[in-house]
Each structure stands twice: as structure tokens, then as C-alpha cells.
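For reference, chains read A, B and C in written order, and residue numbers begin at 1 within each chain.
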Amino acid sequence: MSTSVTFEKATRIYPGSEKPAVDGLDLEIAEGEFLVLVGPSGCGKSTSLRMLAGLEDVTSGRILIGDRDITHLRPKDRDIAMVFQNYALYPHMSVGENMGFALKIAGVNKSDIDARVLEAAKILDLEPYLDRKPKALSGGQRQRVAMGRAIVRQPQVFCMDEPLSNLDAKLRVSTRTQIASLQRRLDTTTVYVTHDQVEAMTMGDRVAVLKDGLLQQVDTPLGLYDKPKNAFVAGFIGSPAMNLGTFCVEDGHALIGEARVPLPRSTVGALKGDKVQLGFRPEALVLSSADDAASFPVEALVIEELGSDAFLYGNMIGDDLRADHVVARIAPRSVPAKGAKVWFSIEPGRLHAFDVESGDALPTD
Amino acid sequence: MRKSFDKHWYAWAMVLPTVAVLGVLVLAPLVQGVYQSFTDLNESNQRSEICKKTLGGGETCSPNPKASQFVGLDNYVDVLTGAQGHFWLQFTNTIVWTVACVVFHYGIGLGLAVMLNRSFRGRGFYRVALIVPWAVPAFVAAFAWRFLFDENFGLINATLRALGGSGVSWFDDRWTSLSTAIVANIWLGVPFMMVAILGGLQSIPGDLYEAAEMDGATPWQRFRNVTLPGLRPVSSTVILLGTIWTFNMFPIIYFVTRGQPAGETEILVTGAFRAAFEGIRDYSLAATYGVLILSILIVYASIYRRVLKTQGEVF
Amino acid sequence: MSSITPPVIVETDEMIAGATAKDRRAPRVRRRSDRSVGASVALHATLLLATFIALFPMAWVVLSSFKPASEIRRSDIQFVVDPTLENYRKVLFDTNFPTWFLNSLVVAAFTMVIGIAMAATAGYALSRFNFPGKRGLMWVFLITQMFPVAILIVPIYTIMAKAGLIDTKASLVIAYCTVAVPFCAWMLRGYFDTIPKELDEAAALDGLGPFGTFWRVILPLARPGLAVTAFYTFLTAWGEVAYAIAFMQSDDHYTLGAGLQQFVPQFSPRWELLTAGAVLITIPAAIVFFFAQKHLVAGLTAGGTKG
């Protein structure tokens, strides 16, 4: 049933615009995979999904489902189901009619439609609502009907365009896990669009990060987190975001405030010029003391106490030219006072380095 | 081209019925109307052939020696120099009529809408009662006002007399006569403006008023700085529509003043109609009027749009 | 001042002035929605006056329609004198009024049906698709709204005369369609714009083509908009005068717009018949109107602002 999806140099240029909305997208999605497209607004993630669904023309390149070239097929001939951001339920049809509409148009006989609608309704706990109109349902229920409409089709591919963004925060978290587990159970190839990197990290088998219509990196969530290919991905993935800053390099050491942080030899070797962009995640900072030559002082401005964790937001001290913001994860329940001067050093091996010009990752081993 | 057809054929198929209707019913007559304005077509010369019954029951036809012919710009010269018809009189009437009606429509409509936009008891009643004139067909309203303004037994003169004054012969003077029509049309047109502006008022977010209030704006300042700018999109549309509708408003003048006294209160539209269908029917004169009226309106609409555009607003 | 008055936001300047010494002695909590008595009286007085002006012309016509002919011609003000249904009886049984009424009904109904049927798909295409020629068509619609009666009436008259259609209902329906079709397309486009585009996309994925989407998804949802547009088209035809007077020539072919003036010729007008006729014409129009009015303006101005 399930099958792979391939984008080959797929490009979309909107009429009247020079710049492609999606620029030469190359992406292979395996059978049964849950792939998340993520990026800031305007990055082309929704356009990519809509190209796959057939709602957007493909200017050049190809899109394949399995071995089938579907680039110029009409949406209905692609065997794809989609969940829309605002659900797009037909207001004049009952929940059951909404879910069975595609089958009705395909000419499936009535008893088969009913059976499949009922089965989907059972999976999604929608049985009591089958005769209601969408406007009589809550937001969460409507979202499930939209899911149900997709499931009933038993399509080769699910497309989901920010399906959780109209739910409140709590419901979003629980629905997130429901969708993920449902997808595992149905084993249907799924392409999921979101701007929320937490959703991307928690749901996807793999995550594709886009920016300005260009694919930045595709990897497993952990792969993206640990080995970002460039500074954009490094800053986009993870919450709170990675600390990123540009520093001078002297004798193989980066000058961070008063500290001299040694750089791996491979990094120094790959440097062009005497500056480097460094990144370190909040949890890569460890409390240290002024004695350590590789540690730098931070003035604590805000402490966020979350119970399980605590985060310290502060400014680096000592560099006259800049007052860089720094976020550090610290042990909860025994936090420094606001305004205190705290010394941090970077845990060895958890430093990321990027080229100042291109933003591409430099080797760090 | 081929690809464009594949992609757009259904859109074109969907507009086809409308385009066909417009082509046959609007474009063709329009072209003919423009052509007629360059001829001397009238009731007596409209046939291109004269046919006579023969004894055998057939017909013989010969070209009409007096058939209408092409006269170039003669009609326009005649109309604009006043050699034929009373173009400039009617033009002045039309401008006075349109400006007066639209100003009062908008002003009264705005005032009533602002009042109805507050919440108070009885608001629903007022809202329904105040749109009643809109529900009355225009020609019925015209007769009703003609009835009210009747010199001898009209309610308005009766009231004047009851108050100790004397009745006015409304239709004996150009300006009193025109003002009866203006009053009738204001009565008829205010509800549309009121409802449209009310819709515009309700689309202004309430928190803008709250923000202005927090900033210490007085009610008048709130009206100037929140209400009026918020109404601009609606206002620009309804004023344009209102102007065009009033300019072309036929039944009120036709039935209320009937052109009295002696055609002095005709506007362009009724003037053209009378030229075409009363007395000796002068079709070419009416067509010339029609072309001139349409030109005036198109010029007005494009200037209007351009002014709005320079103020940063395109509708 | 600030130490005495409770922290209440005051509505208007007049209210501050109105907060007299008496109020200060016994501070009363004033809720935001409260309005001073003077403002309330002024508001209601203005609205009552406006309501009176809005209602009285037709009310006077209604009152007069129940008066005997002789009483209508009296020059002093009498509201009710010898109420009688005689005028209505005369209008309904001694004149051609019922025929005119029926003619108007037929003409308006046909105009309405043809207008909607011809324009509905065009309204949808204009709302949803970008196709070559769209802008031009929008302009044509806008300009046809500006057409004065005067520019089309003569050519259409001469065409109808050639086709032998003068003095038939068909000629009026055709003439009215010149306005009704573009108007319906314009209005319906406005209503279709309010239906989310995602529904079309969902329908496309569910297997419907553009025509199927229009028929099975959009039309059922646009029913209120269709109804309002239809009603308004009906009313426009119901109240049209110029074409009716120009085209219809025999008494039993008149529609109401052309016929009613027969009651009030220049000399010896019969206002008693006219008032009764006016009431009978207005009642159905008003009923239709009040069904439609709620959604009407939204459509008119939405179509306009997005053009």
C-alpha cells in the first residue's frame, strides 16, 4: 500500500516573481516514513507539500510516487490525502459524509463506504459524532475528522499542512503523539509541514529544514541536533536556541571575552581568515571558575526556573565591543542570583564551528 | 498557447455564458449606439427600405430615399453648442442633483450609522424602521412624494397652511421643483448608505477605540482618528457607487418633477429618454446623450480611482 | 479630583461636566455603558425624528388608500375619514392592474432566473481562477454598472423593433439581462470569495474536477448568497421604469412601472387608485426585501472593495 516519494530538482516559481519559492528540491522519502518539512515562514515548506498534492504547479523538475511520475497529474489521480491547517471540512455535510465523500466520488458502493467510515471513526473516537455537522464540533474533534477523512481514503501518501496550529497548546501536545502513533500503525508515507521545530523533532522519522526555498539539511532529529550542516540549522533546531557568535582566532584559540578557548586542529586547518563562528548549546556550558583559562564570565540577567531544569540568560562580560547574549542550562533549585557574575566553560567536544562567510559547518574533530 | 488552453479552458468555459450575454446584449448595442450618435436617425427615417404590398400578395421593396445617413460629429456639435436640446441646462441640473443627493446620502447615512452603532434599547427597531424606504420600489416612492408635494391637496402644503403659511407651487419654479426631487431621492437613498456604513463601522476593531481612549482621545478625536480612517474602504466604494447610481437615476425626476416647469428640471438621463421616446423620436440625439453621459462617468470614475491611488488606497 | 473619584473611566467630556457636586457627595459607580440622560434623550429624539421621516410618506400613502376619492382631494389634514376598501376593489377589478402585476411577476422572475443561471459559473471563475482576460472582464462588469439607461435603450429598441419583439415581455427580459447578468456575476463573486479556498482544494484531492467542485461543494454553500442576489435582481426588475415605458405599448402588456402612471395623467389624476396600487406593489417588494437585506450590503461592498 505504502510507497516512497521522490522530489527531483522540483522547482516552483510563482508567476510574476523572479525568485523561486522552492528551488531545486531533491528529497527522497522512504516507504512508510514520517518526514517533517520545517522552516521559518516563507521558506517554501508549504509550497513543497502542495506541489506533491497537486495544488501547486511544478515549474521544473519531477515528483514521483513510487515509480510513478505524478508531476503533471491532477490531484485526484495522485492517490494522496491531505489534512489542511483549517481542516477544510465541508460545512454542509455531516462528519460521516465528509469522511466518505472521496469514496463516494470514486464510485465505491454505499455499504463499503459506511464500513470504512465507521472503522476510521472507531480509530479516532468519532463514532458518536458521525451524524453531526462540523460546526457542532470542538476544534480538537474537527481536527480528528480531518484526519479521518484522510484515513478513510487509504491513500499512498498523507500530506499534512500544519494540522495542529489551530489547537490550543495543551491539545496540541496530546494530538501530536496521537498523530505520530497513528502514522506508525497505518505505516503510510507521510509528509508533514510545520513551522514549530519542537513538533518536527518529536514527530518526524527524519526532518528536512528549508530556508528561502532551499533545502538546508535532511536528517533524523538527533542528527540535526548533533551535527547541523550550517549555522542556520544549528540556530533553528533546539530550544532554547544554540548560542552562536563570531570570535577572533589567535594561535588556535578563539577569544571569547577574557577566555581563550582552544579550537580543534581540524577546525583551525579549515579556517579562512582569522575569525570563526562558534556555536554551543545551553547544555554544553558547565559552571567553572575564574581560574580556568578557557572559561568566560557571564552576568546573569534572567533565570528561568522550570523545576526540572533552569536556564540562565546573561551577557558576556569583558569584551568591550560586544555584549553577547548567552543561554546556559544550569542545575535547578540552587541558581545564582540575578546580576551575579558566573563563569562558564564549554564542555569539550560539544563545540560547533562554522565558516563566517558561508555559515557552513567546519570539522571539529 | 496550447498549454494555456489546457490550463484555462474550464475557467473560460465558466465565463462563456456571461461573456456571450454581454457580447450580444451589451457590446453589440453599445457599438450600434455609438454608431447611431454619428447619424441622423429618427422615427421617420429609420427604415432602410420602403416596402409596398403588391396585388399578388408579395412585396416590393425599394431603398428609402430619406434613410438615415452618416452625419459625422454634427450631433455632438449641435448638442454641445445648444443648437439641439438643452444639454448644458440638463448638465447643470445633473451636477446639482448628484452632488446634493450624494452629500446628503452620505452625511445623513453616516450620522445615523454612528448612532445605531452604539448599543441601546430599541436599536433593532430603529434599524428596521430606518431602512423601510429602501424596500419601496423607486417609482412608487416617486409617486408618493409627488402626492405629498401636490399643490392643492398634498400633505406638505396642507401642513404649511395649517401652520399659518401659504402653499407653495413647488413645480412652477426650477429650483423648488428640483429640490422636491432631491428630497425624494435623499429619502430613498439614505438607508443603503446607512447600512453600508454601519457594516463598515462594525468591522473596525473595538480595541482600536479602547487604545485611543487609553491614550486620552476625546470622542471627537476618536471619531476623526479611528472611525473616519476605518471607514475609508467602505466610504470610497459607496460614494463612487452612489454617484453613478444617482447620476443615472431615472424614475425620480421622471415622475416627481416630470421636467416641470417646461423641461427646466430634466437631468441628462431623463432628457435623453424624452428625446428618444416622446414627441418626434430623435434616436440619434438620444444616442449622442448616452455616449456623452457614459464618457462623463468613465472620466469621473478614473479620476476618482487615481485620487484614491495617490492617497495610497486602491479598491 | 483624582483622590475623590473612583478609578472609573469616564465616557465623554459632557459626563465629566455632568458629574456635579451631588455626584461627588455620593459617589455612584458608573458603568462604562451608562450614558447621561441628556445624551440618551438627544439620541432617541434624533432617531425618532429620522424614523418618522422614513415611515411617514408610505404611511400617508397607506392611509390615503383607504379614503374615498373625494376625501383625498381635500386640502386640510385628515388622517382617517370613512375608511373604505373601495379603492382596492376598483384597482383590482376595474382596471388592468392585475394584468400588469402578473406581467411584472413574469418578467422579474425570468430576469432573475436567467441572470443567476448565466452568471453563477462566471462569478465562481472570477473568484477562484487566474486566467487570461480576467482583469478585462472585471473592468467590463464595473463599467456596465455605470451604463446609463440612455446609451443602450435606443439601440436595443431598434434591434427589438427589427426583431418584432417590441411590446413583448421577452424584450423586457432581454433588456433587463444587460444589467442583471453582470450584476449577478459581480455579487456572486463577492459571496464565493467568502468561501475558503481550501474547500476547493480538499474537493480536488477528493476527486472532483472544477465543475464538480462548483456544483457539489460551492453552490450548496453559497445558497444564502444566491438567494440574496436573486432577490435583489428580482426587485430591480420589479421596479424598473424606463425600458418598460419605452418598450411596452398596449395597456394589457404594461408592467407595473409602465402601468401605474396611467392612473395619474397630467389632468384629472386619480390618486385614490394610485395609492391603492402603490400599496399593493410595495407589499411583495418589501417582503422580499426584508429577507434579502441582511446580506445585501456585505455583497455589494465586498465585491467593490476587492475589485
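Here, a contact is a pair of C-beta atoms (placed from the backbone, for glycine too) under 8 Å apart; a residue touches a chain by one contact, two chains touch by 3 or more.
If you're wondering where the values come from, they're calculated on a predicted model, not measured in any experiment.
Chains that count as touching both chain A and chain C, per the definition above, do not exist in this structure. Comparing each chain's Cα centroid with the centroid of every protein Cα atom identifies chain C as the most central. Chain A and chain C have CA centres that are 53 Å apart. As a whole-number value, the distance joining the C-alpha centres of chain B and chain C reads 15 Å.
Between chain A and chain B the centroid-to-centroid distance comes to 58 Å (mean Cα coordinates, whole Å). Within chain C, contacts with two or more other chains are made by residues 209.
If you check the complex, the residues on chain C that touch chain A are 130, 196, 198-199, 201-209, 212, 217, 220-221. Of all residues in chain B, only 4, 8, 10-15, 17-19, 21-22, 25-26, 28-30, 32-33, 36, 41, 46, 108, 112, 115-116, 118-120, 122, 126, 128-141, 143-148, 150, 152-153, 155, 157-159, 161-162, 187, 190-192, 195-196, 199-200, 213, 218-219, 233-234, 237-238, 240-241, 244, 247-248, 250-251, 254-255, 258, 268-269, 272-273, 276-277, 283, 286-287, 289-291, 293-294, 297-298, 301, 315 touch chain C in the complex they form. Taken together, the chain C residues at the contact with chain B in this complex read 9, 11-13, 33, 35, 40, 43-44, 46-47, 50-51, 53-55, 57-58, 60-61, 64, 72-77, 117-119, 121-122, 124-126, 129, 131-134, 137, 140, 142-159, 161, 174, 177-178, 181-182, 185, 209-211, 214, 235, 238-239, 241-242, 245-246, 256-257, 260-261, 264, 266, 271, 274-275, 278, 281-282, 285-286, 289-290, 293, 296-298, 300-301, 304-307. If you check the complex, the residues on chain A that touch chain C are 15, 53-55, 74-76, 80-82, 84-86, 88-92, 101-102, 105-106, 149.
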